[in-house]
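Take a look at these structures.
Note that subunit A is present in both complexes that follow, paired respectively with subunit B and with subunit C.
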Partner chain A sequence: MKINIKNEEIRSERVLRIEEIAGENIFKCYQCGKCSAGCPSADQMDLLPNQVVRNLQIGKVDAVLNSKSIWICASCFMCWTRCPRGVNLTALFEACRQVKLRENIDEVGLKQTIQEAEEMDIPQIAVISVLRKLTS
Partner chain B sequence: MEVSYFPGCTLKQTAKNFETSAISSSKLLGIELKELSRWNCCGTVYSLATDDSMHHLAPIRNLIRVQEEGSKEVVTLCSMCYNTLKQANELVRAEPDRLQKLNDFMYLEEDYKPDLEVYHLVTYIKDNVGYEKLKDKVTNPLSGLKVAVYYGCLLLRPDSIKLDDRENPRIMEDMMEALGAEVIDFPYHNECCGSYHTLGKRDLVIERTNKIISEAKLDGADVLVLSCPECDFNLDHRQKNTLEKYPSFETMPVLYFTQLMNIALGGDLADCGFELNYIDPIPLLKDKGILK
Partner chain C sequence: MKRIGVFVCHCGLNIAGSVDIDKIVEEVSKLNHIVYVKNYIFLCSQPGQQMVEDIVKEHNLDGFIVANCSPTLHEKTFRNTAIRAGMNPYFVEVANIREQSSWPHSKEKKKATQKALLIIKATIKKLVKNLDYHSKRVDLTKRALIIGGGIAGIQAALDIADGGYEVVLLDRQQSIGGHMAQISETFPTLDCPQCIMTPKMTEVGNHPKIILRTYSEVEEVTGFIGNFTVKIRKKATSVDWTKCTGCGECIAKCPAKPLSVFDCFLSKGTAMYRDFEQAVPSFPVINRDACLYFQKGVCRICEKVCPIDAIDFEQQDEIVEEQVGAIIIATGYDLMPMSEQGEYGAGKYKDVIDGMQFERLLASTGPYAGDVKRPSDEKVPDSVVFIQCAGSRDPESNYPYCSKVCCMYIAKQALLYKHNVHHGQAYIFYIDIRSTGKGYEEFVQRVQEESGVIYIRGKASKVFKRGDKMVVWGVDTLTGQTVEIETDLVVLASAMIPSSGAFTLASKTRLATDKYGWFSEAHPKLRPVESVTGGYYLAGAAQAPKDIPETVTHASGAASKVLALFSNDFLESDPIIVQVDPEICNRCGYCEAVCAYDAVKLNSKTKIAEVNEVLCEGCGACAATCPSGAISHRNNTRSQIFDMISVATEDYKEITTKFDK
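For the complex of A and B:
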C-alpha cells in the first residue's frame, strides 16, 4: 500500500498537542506490537494500538482521531505496562480523546446515556466513567 | 483495630452486598471499617491528561477528609475507587507543584499533606491480620469449592498501585486458599471486562463476558471471585444478555471475595446479600455442603 507522507504533517499542531497532553514522546515506540498483542479490545479496533502510534509518528493524525479505536480503549493500562519501551499508550489514547472532546465533539449524547442507564440498574461508576471519558 | 473506610457511590447503591459482606467479615477479623463522616465521589476514572488538574480534586478532597479525621490510612473496596484514590495520591507525592495548585484551589480546606496511605481491603487484611491467622479464624472452610480469581485491570495496573505482581498475582489466590477453597489456574485473571462500555457498547461487554466466564468454566471453576462492582455487573448481570445472544453459554455464579470470606468466617448469611447476585450462588454452595 502506498502512503504519502507529508513533511508538514509529521509534526502538526494536533500531533504536538497529543504528545503534550499525554506527556509522551511518540518516537520512543519501535513498533514491536506487544501493546496490540496484549490489548483485550484489539479485536474490536479499526486501528490496532501500535498502528495508532505509527500513524501519529508519520503525521496521519486524522486517521487516528477519526478511528473507533480511541473510543473503544477503556484505559485498562495493559499496553503501557507491557511496553518494553515504557510508552504510555494509555495516556496517548486519552490525549486523542481529549483533543476531540476539547473541540466540542462528544462521542455519546448525554440524554441517551442517562436514559439507557435508568432502564437498567447500571452501576454508578459506569455512568460517571462514560460521562467523564466520552463527553466534554 | 479501627481504620478509615471510603465506600464510594456504587457500594451504597447497586453493590450494597459488597459493603455489607466486607463490614461483616472484617469485623470477624477484628477490623472495624469506620466510614468517613463525609466523602464525595472519587471521580471513578483517573485523569491521564497531564494538563488536567481539575479531575484530581475529587480524590484529593477525599484524602483531606481522611486527614481531618486524624487517620494515616484509608481502606477502599471498589477497584475503581482504589485505583483513582491511590493514583492521585502517588501523583501529588511525585509532583509538589501539582499538590500546591490543588491545595490553592481548595483554599477553604486544610492543606493536604500526602503522608497517608490508600489500601485495598485485601492488602490491609494480608498486612494487618495475615493469612495464617485468617486461616485459623475459618469456621466453615470452603472445601471442595473451585474458585477462579479475577482481578481485572485496576487492582494490578499501572505499576504504581499494583496489589501484587501484575502478571502472576497471588494475593487473592492465597486468601481464597486460606479460606479453604481450591484455586484453579485462570489465564484471564487480569483481562479487562469491558468496564464502562456496559453502558453504550453492550455487545462489546457480552463478548468479554462470554470469553471470560466460558474460560473459567473450561478451566474447571465453580465460581468466579472478584473485587469490583463494575466487573461484577459485567460478568454476573450481563450473563443474562450473554445467554440471550449465545444460547449454549453456561452460566456461573460470580461473587465478591468478601461474600466468600463472610461465609468461611461464619458470618451472618444476610450480610452476604446474595439476593443482589444475578446468578444465585446458594444452590451451588448448598450442593458443596458449604451452606446448610
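For the complex of A and C:
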C-alpha cells in the first residue's frame, strides 16, 4: 500500500484547525506508541492512537476523520497521562470529532443508540458520553 | 599616551566593500594623538602582523588601535604582536567595524563609513585613558585531587600520576571501581570488568604517585586555580587500616546480614564488609547502621577473630587537609529512583528491576553466582521483557535527555540472558535503537540475528501482576497492534541521573550544573573537559551520560588539561579585571553576592570588598552592581565608557541637548 505525501496536505487548514481546537502541537509526538499501549479501547480501533497522530503529522486528515477510532475514544485520558512528551491526545481526538460534527454528519447514530440503550440497559453515563459526542 | 597608531583592515571586501577606507584613513589622521594611520587588506595575515610590528617599533608607538573584526577573534592576535614589538599588550584596543558596521550596513556605504569612523574615534578616546597594567604571577601547587574513583577517576589518576605529578584519589565508598565494577560484562566485546578493570585498580593501589582516600568525602573547598585547600572527611571505618592486612576473617565471621548495596539490594552482605572481592584497598569497614555492636551493644566477634587487633570501635571521623592545584570532578551517575515509575510497578513488584540490578544477576560475582534467577521466588525466568527509555527521553518525568548507554546494554543483557538460559526468550520494547559507537551497530545486529531476541517497536505502557507472572502491556507500532506479554521478569532501562552526591558537591565547590544536575562544561563543543570555573575539570558521566570508552576518553582529556596546567611553574593572571577603591567601598556586599567566580569577598575584619586577582574573570558584574562606584573595571572605567558614549553620540548632540532642555 502506498500513500502519497504531499506538501500542501502537511500543514493544511484542517490540520491547523484540529491543532488549534486541541491546543496541541502534533509534532511533539515521537511515535513511541505508549498511548496505544495503554489505551483501553485500542483493540476496537481501526487506527491506533499513535497512528491517528502520525496521520495528522503527514497531513492525512481524511484517514483520521473517516476512522472509527475518533468515535471509539472514551475520553478516559489514559493516553495523555502516560504520554512521555505530554501530548494531549484526548484533546486531539475531541478536536477531530468537533471538525467532523461541524460538517453536520451524525457518526454516532443517535436514534439507534438510544433505542439500544433502552433495550440493553446501558449505564446512563455511557449514554451521556455518546450524546456528548454530538455537541459542538 | 602620546603616540597612537591606527590600523584599518579591509578584511578583503568584508569591510572595504561597504566602508570607504580612504576616507577613514584621511579623517583619522587629523585626530589628536594619532601619529600613524595605515590600511591593509588582511591585517591578521602574517605580513599584516609583521607590518604592524615594524611600524610600532619604527614610529615608537605607545599604543595602537586595530579597526577590524570582533575582539573575540583577533584581540589576542594583536596583543601578541604588541608583545613582540616590546609594547604593553593592554595598550592595544580593537575597534570592531566589521560586525558592528560593515556587515549590518552592507548596502549603505555612507552610513557604514560614518559609523565606522565614530567607532574608531570612540575607541581612541578610550585608549588614551588606558593605564599601564601588567599581569601578575601566582604560585602553583602541582598536585591534583580527583573526586570519584570510578573508571573516569581511575583513568585520570593514572594519566596524571604517570605524567609525574602526585594525585589524591577520593571515593566515598570503601573501594574504588564505581559502577563499572558492578557490571557483568561490557559491550560490545563482552570483556568482564574483572579482566579489564581490576588491573587498573591494582595499578592505582600500588602507584607511588597516587594517594588513595576511599571511604572519604569532600567537606570543604577553598582557594582557587593552582592553590586549592580541600578539607576531606575520612569517615570512621572502625578498622585500623594501617594495621589491617585484608585477610577477611572478620567478614567471614560477621553475623549481621544487611542487604548488599553493591548487589543493588538483591543479596545479603555483612555489616563488616568490603565492596567486592577485588576491592582496592582490600581493607574492610563496619557498616555501623547494621552492626550488632553499634546497634545493640552485643557481638564484637570481629574483634575476637582479628589476628592483629585492627578493629577499633572507638574510631571517629577525621578531617584531613590536602593542598592541590587542580580538581577533577568524576562523580559519575546513578539510576533514577524506581519509585518514579509507578506505571511499570517499579518498587512495588520484586520482579520489576532496573538495569543495574540485572547486571548483578548476570555477574559471576552476583547474588546467584551468575545464574539468572528472579528476585521474588528464585525461579529461573523463562522469559524476560526489557523496557527501554524507561524515564529517559521523557520530559513528563523530568528526564528529557537520552541516557545513551541503554540501547547497547539492553542488547548485551538480552544476549547474556540467552547465554545463561538457553530456552529463555527475551523481548525488548524500544522506540529507537541508538548504536553509534565503534562496533556497536554490528553488536546489535548480532544480537538480533543470532540470539532470537524479539525487538518490539513501541513503548510499554503498564506492568502488573497476574498469578506468579508479570504482564506487560505494550504496542507494536510496526504492525499497528497492541501487545500483551506474560513474562517472569521485567527489566527497566531506567534513566541515568547525576550521582546522589553531585548536588552537595556542586554547592560546596560552587560549580555550575545544568538543570538536571550534570556539571556544566566551559564550552559544549570546544571545551568539554573544563568546567566554567578555573582549576576544575570534568571527567566521565559527571558531565552527561557516557559509556565506558567515552568516559575513558573524557577522563584522559581532563588529565591532559591538568598536565598542561602543571607544566607551568607559575600562573599568569590577566590584569584586565576589577579593582576596589577601599576609600569609597561602603561594605554593602552586593559585589560578593553577584560574583559567579567567588572572586570578590568582603574582608572578614574591615568588611571592605577585596578582589582575588586570579579568580576574577573580568566579567564586570560587580562593577555594574556596586552602588557606591567603588569597584571599577580596569581600562573600562566609568569615565572611559562615558567618553566613548559621548563620542559615539556626537551627531545627536543637538537632539540630546534639546531633549535635556
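Here, the second predicted complex is superposed on the first by the 129 of 136 C-alpha atoms of A that agree within 3 Å, B and C clash if a C-alpha of one lies under 4 Å from a C-alpha of the other, contacts with A are read in each partner's own complex, and residues count from 1 in each chain.
Quick note on the criterion: contacts are C-beta pairs under 8 Å (C-beta built on N, C-alpha and C of every residue); 3 or more make two chains touch, one makes a residue touch a chain.
Quick caveat, the model's predicted, so the values are computed rather than measured.
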Partner chain in contact with A:30 - subunit B first, subunit C second, else both or neither: second
Touched partner set for A:8, first subunit B, second subunit C, both or neither: neither
Partner chain in contact with A:72 - subunit B first, subunit C second, else both or neither: first
Which of subunit B and subunit C A:117 touches, first, second, both or neither: first
Contacts of A:85 with subunit B and subunit C, given as first, second, both or neither: second
Which of subunit B and subunit C A:94 touches, first, second, both or neither: first
Which of subunit B and subunit C A:125 touches, first, second, both or neither: first
Set intersection of subunit A contacts, subunit C complex versus subunit B complex: none
Subunit B - residues contacting subunit A, complex: 8-10, 13-15, 41, 43-45, 47-52, 55, 78, 80, 152-153, 157-159, 166, 190-192, 194-201, 204, 207-208, 229-230, 233, 237
Residues of subunit C touching subunit A in the complex: 343, 389, 393-397, 431, 457-462, 473-477, 480-483
Of subunit A, residues touching subunit C in the complex: 30-39, 42-43, 47-48, 50-51, 82-86
Subunit B-facing residues of subunit A, complex: 20-23, 40-41, 44, 72, 74-78, 80-81, 88, 90-91, 94-95, 98, 108, 113, 116-117, 121-130, 132-134
